[in-house]
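Some structures are shown below for you to check.
Two complexes are shown next, each including subunit A; its partner changes from subunit B in the first to subunit C in the second.
Let's turn to the complex of A and B:
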């Protein structure tokens, strides 16, 4: 299905406040995990069965010698044709919501070959819970959406970097924003907009943000 | 803020300097990015590239503690290139006024300095007055002693090359910032400044802000939509707490704290405000007697009568020059001169500078009462690192306090909007609000004094203390109404009669004869005459289209959303920028925001008034005697800095700062053992010392432990890798933490030296989580701003070494 819902993540408006990361944990009742400072603001260091939304921090130097600091609020892209779902081939474990297009994992993902599913994901998203062996990732807050609420991460965003809406409307917004950004940032693009529901806008080479930013 | 959060969207250029707004005021970026969407340029100046810098069009690095050099260079640029808004500067500032002949400046010192007392005699820092007592002026600005020329002369030394040599900011970056920002010095452009503790927490903190105020005046940016001087307050109600006199030098509403040399109300009033001979100056502070009398009536009720100076004599009065600020309080505690200590919602064992001194000082107390929602390093100081509980005599009481969402009351945001909030949840167990604690404490003290008398019982027995509801619980509405004030008798003003018991609906109605009360004149009008709480309003009407929302909450003063708004129009009342008109004088009346006074614009020589109504002369002061260290801001190095001499003058440090001399007050300027500039800050994830946020697992997960940010260049020189454990050490103490090696700090070229700067958050403490690292304030020096005693947390010297 190509209609349904979409989320725009405009990284050019993101200040990495991590409201989305915390709001995700709050709504989904996910625990704060034990972490150490590993020389980065990015913490937890990676997605996990307890962390479905993670703001990634990437820094370096621009051509003019000045620093850059890119933020990438990583989560499941809710692909239009999800490779994980195809790989699983088991609707009770990985399904797609008919209304929104959200890709939904159930407890039955414990019955799948986890490595195969993770490897099938171009964005390296699903994570296995060590105890239950089930796979976890963002749900698009389907439980909120079906009750007339927008996803928790979008709700928490203070700058409008994240927007939730009908896919058509989000695609149009993304296109307009990219056109506008291109005047200042020739490399601006909406990553994989045609194939995913969670569309990231970046102003530089996607790999500078995150290894798996683009497929 | 002279303006308010929503107004940021109207700026054409936003300078974020002395603040890390994106990290520490995340919501502000909703409005900053709206301005950017409309084409505004965002400039960020900070020693470190931050999350704010990542959103800026222009980022410029500067060495901590050199803001006046940076901004002084901008003043020179504005004057040299005629970028100032001449109509505004001529009419609304004292640029044309002539400075007294005795005033001079030489090698970093202004006239009147006494090195023995480290204070200035300010008698020469004045504007000359003519026979009528009016300021002497030269509207052509040709007189070499006029303020504009004196300003030019003072900042002539601040060449872009000299500034670059001091700040470490590349010349090209300085030029870019100066050009972009000074382009707002025209009628239809607005530039604004967002600053916070990055400016206040220096020995020259107040002068940092004053320098920017002067830039804003030169560019005509004060009083206008999208402009102003905007302090981003760090806690949701810190503006409210300041308004209600949390500081030692003021009473509520910024009235002055009385001194021992002012035994009577008249003696106090003689020093309280300056009179003006100019009939066109509103000189609003001449209403001072009404405000202090109404305050005393609010506090002492019927006991306050004219014959007893309305109870003025019952107010505590400190000896003249006695300093009661935190740094001096801790100093006296360290000497053993303080017996008891109330700490409410604070964590001084981690938040005050030279925290080792603070912790030691607290062992000299007999008792400490701590009210907070969690235990913290202050309440548990007696079992902290290096202390043997058996040897600490201090008896500590921890009172569990209600959290903000567990109580009703007002919160005043940075934009001066007082917003009423309701209790969302009843606090658990025996937990009380701080209001209840204080209410009960004083009620019991009154009982004790009434049964046992004691020395000087009058102030306590005569105090009105009617702030409880029918169940005997603290009643925030009663307090808020007392703050607003009442008519205490039927009063007729301008043919209108107000009844006894009605709320006062504006401070303009307050009386000096005891017929009105008001616990804070600035909040008079926060209730309607019939007692409706205007702070609880939530209407979204926006008649000006500028986002003033006059019926959303209530804003002091008198619901005026932009201060000094009469400076947004020309002398005839025509808006300088009709596209963003805050006010306009139309058919004999003001239209728009609540004007800064009802009078016609100043071109009306009979009835008109000047726009800066809080200043005695009605105009703003590019030159004036208000500050401790001089009428023009001057660059001085931080008390602890990397340089042996000030590249601007022979005076190394701010000559007016107070120096502390206890054995633990050690300082290390230009010392090879501590070669790196260090600054401290907070992060988005934690609040202040983390005393609340460290108990929140989603936040400690995101920022788990203490870290120091250092450049790749310094890391290489010291053999430190990203994520290594390191020790950061100053002459006062050391902290172990994780090294975060980053491109976001870079070495500064200062003169012919390469100076490294590092930075730490002050979000951690030894108590919880275990091993998260102790407070960065074990490193910081006991020294404060010369005017406010705000500690110099932002610039001091350390060493960083790999932990072996």
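Let's turn to the complex of A and C:
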């Protein structure tokens, strides 16, 4: 299925306010987690069964010696052909919503081999809950988008870095934005746009943003 | 089914419309069904009383929609107001966390900590007690120090021994109420945490 819905995450517009990260917690009623200062604004340090959306902060030096500080609002990409779903081979646990294409994990993911599922994800997204052993990740706010609302993260975005819509429309927007950005940033690209529903636009090498930014 | 926010609000009582739609298309969406059935929040949103409010954290003052459960009378969701001319539904991390300021937040402080003069210990005290103590002290100080006339004999009606410190958590209306009250007490020193 190549139609359905998509989300565009234009990192060139992201200011890392983390409104999306908090909106996700708020809507999905996910508890806060104990964190500590590990020298980065990226907090919590990683995704977890309680944190499905995380703004990653990456810093370093460009080839020309100038510093960069990139923001990457990480979440499930809702792949068109999800490797996690194929690996599980168990529709009751991992399925795809017919209308939107959202990849959905149920409580039955506790019956799966968690390591196998996590390793199958090119973007290193699913996380296991220690108590229930079930796997958790972003749901694309299936409850909201099935009821005429946009995902909580997209709604909160103050800079318009995140946009939700029909896949065709989002692909078109991504293409236009990349063309525009290429004038200033020759390395601008829409990461894996043909195979995922959550499309990230970056202005530099994806690996500079996050180890698993691209597949 | 394309529905705008306003139309959606009028669709109350149609919980499960999505499920009906999926099943008549003959697609097996059982896990998806289970998932949607588990989530009561979106259904609660359809019958919720909606009240607009404003985020008080900074001077942008983004718009909020507070959803109140008509059965419990309690707020269960707060998110951006798409009709608000300034924020158009957007919220930053602080505004998006606004629900934490409601009583839903079990970590919210319900008592004050009081340290008596010359004491080295904090004691938890009820908020009502603290309010009364503050009121008593304000009254005593005002009765003692209120200045009716200055050295030239001009009527001034002021209180110079008390100051009020505002907070960036105050919204416009709260600032108005506080300023009015403080001026009526005769205070001349009103300031804000952002200036100190």
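The rule we apply is simple: the second predicted complex is superposed on the first by the 212 of 215 C-alpha atoms of A that agree within 3 Å, B and C clash if a C-alpha of one lies under 4 Å from a C-alpha of the other, contacts with A are read in each partner's own complex, and residues count from 1 in each chain.
Going forward, a contact is a pair of C-beta atoms (placed from the backbone, for glycine too) under 8 Å apart; a residue touches a chain by one contact, two chains touch by 3 or more.
Computed from a prediction, not measured in an experiment: that's the story for all the values here.
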(Q) Following the superposition defined at the top, how do subunit B and subunit C come out on subunit A, clash or fit? (A) clash
Q: Return first, second, both or neither, reflecting whether A:22 touches subunit B, subunit C, both chains, or no partner chain.
A: both
Q: Considering only touches as defined above, state whether A:97 meets subunit B (first), subunit C (second), both or neither.
A: second
Q: Have a look at where A:211 lands relative to subunit B and subunit C in the superposition and call it first, second, both or neither.
A: neither
Q: Figure out whether A:144 sits in contact with subunit B (first) or subunit C (second), or with both, or with neither.
A: second
**Q.** Which superposed partner A:158 touches (first subunit B, second subunit C, both, neither)
**A.** both
(Q) So in the superposed three-chain picture, is A:71 touching just subunit B, just subunit C, both, or none of them (first/second/both/neither)? (A) first
Q: Could you look at A:132 and tell me whether it touches subunit B, subunit C, both or neither (first, second, both, neither)?
A: neither
**Q.** Those residues of subunit A which subunit B touches in one complex and subunit C touches in the other
**A.** 17-19, 21-22, 25-26, 158-159
Q. In their complex, what parts of subunit A are in touch with subunit B?
A. 13, 15-19, 21-22, 25-26, 31-41, 43-44, 59-61, 66-71, 158-160
Q.
Please output the residues of subunit C touching subunit A within their complex, sorted ascending.
A. 1-5, 7-8, 11, 18, 21-22, 25, 27-32, 34-36, 39, 41-42, 45-46, 62, 77-80, 82, 87, 89-97, 99
Q. For subunit A, which residues count as touching subunit C in their complex?
A. 17-23, 25-27, 29, 91-95, 97-99, 104, 106-108, 139, 142-144, 146-149, 152, 155-159
Q: Can you check the complex and tell me which residues of subunit B touch subunit A?
A: 22-23, 26-27, 29-30, 33, 49, 51-55, 59, 684-685, 696-707, 722-723, 738-744, 746
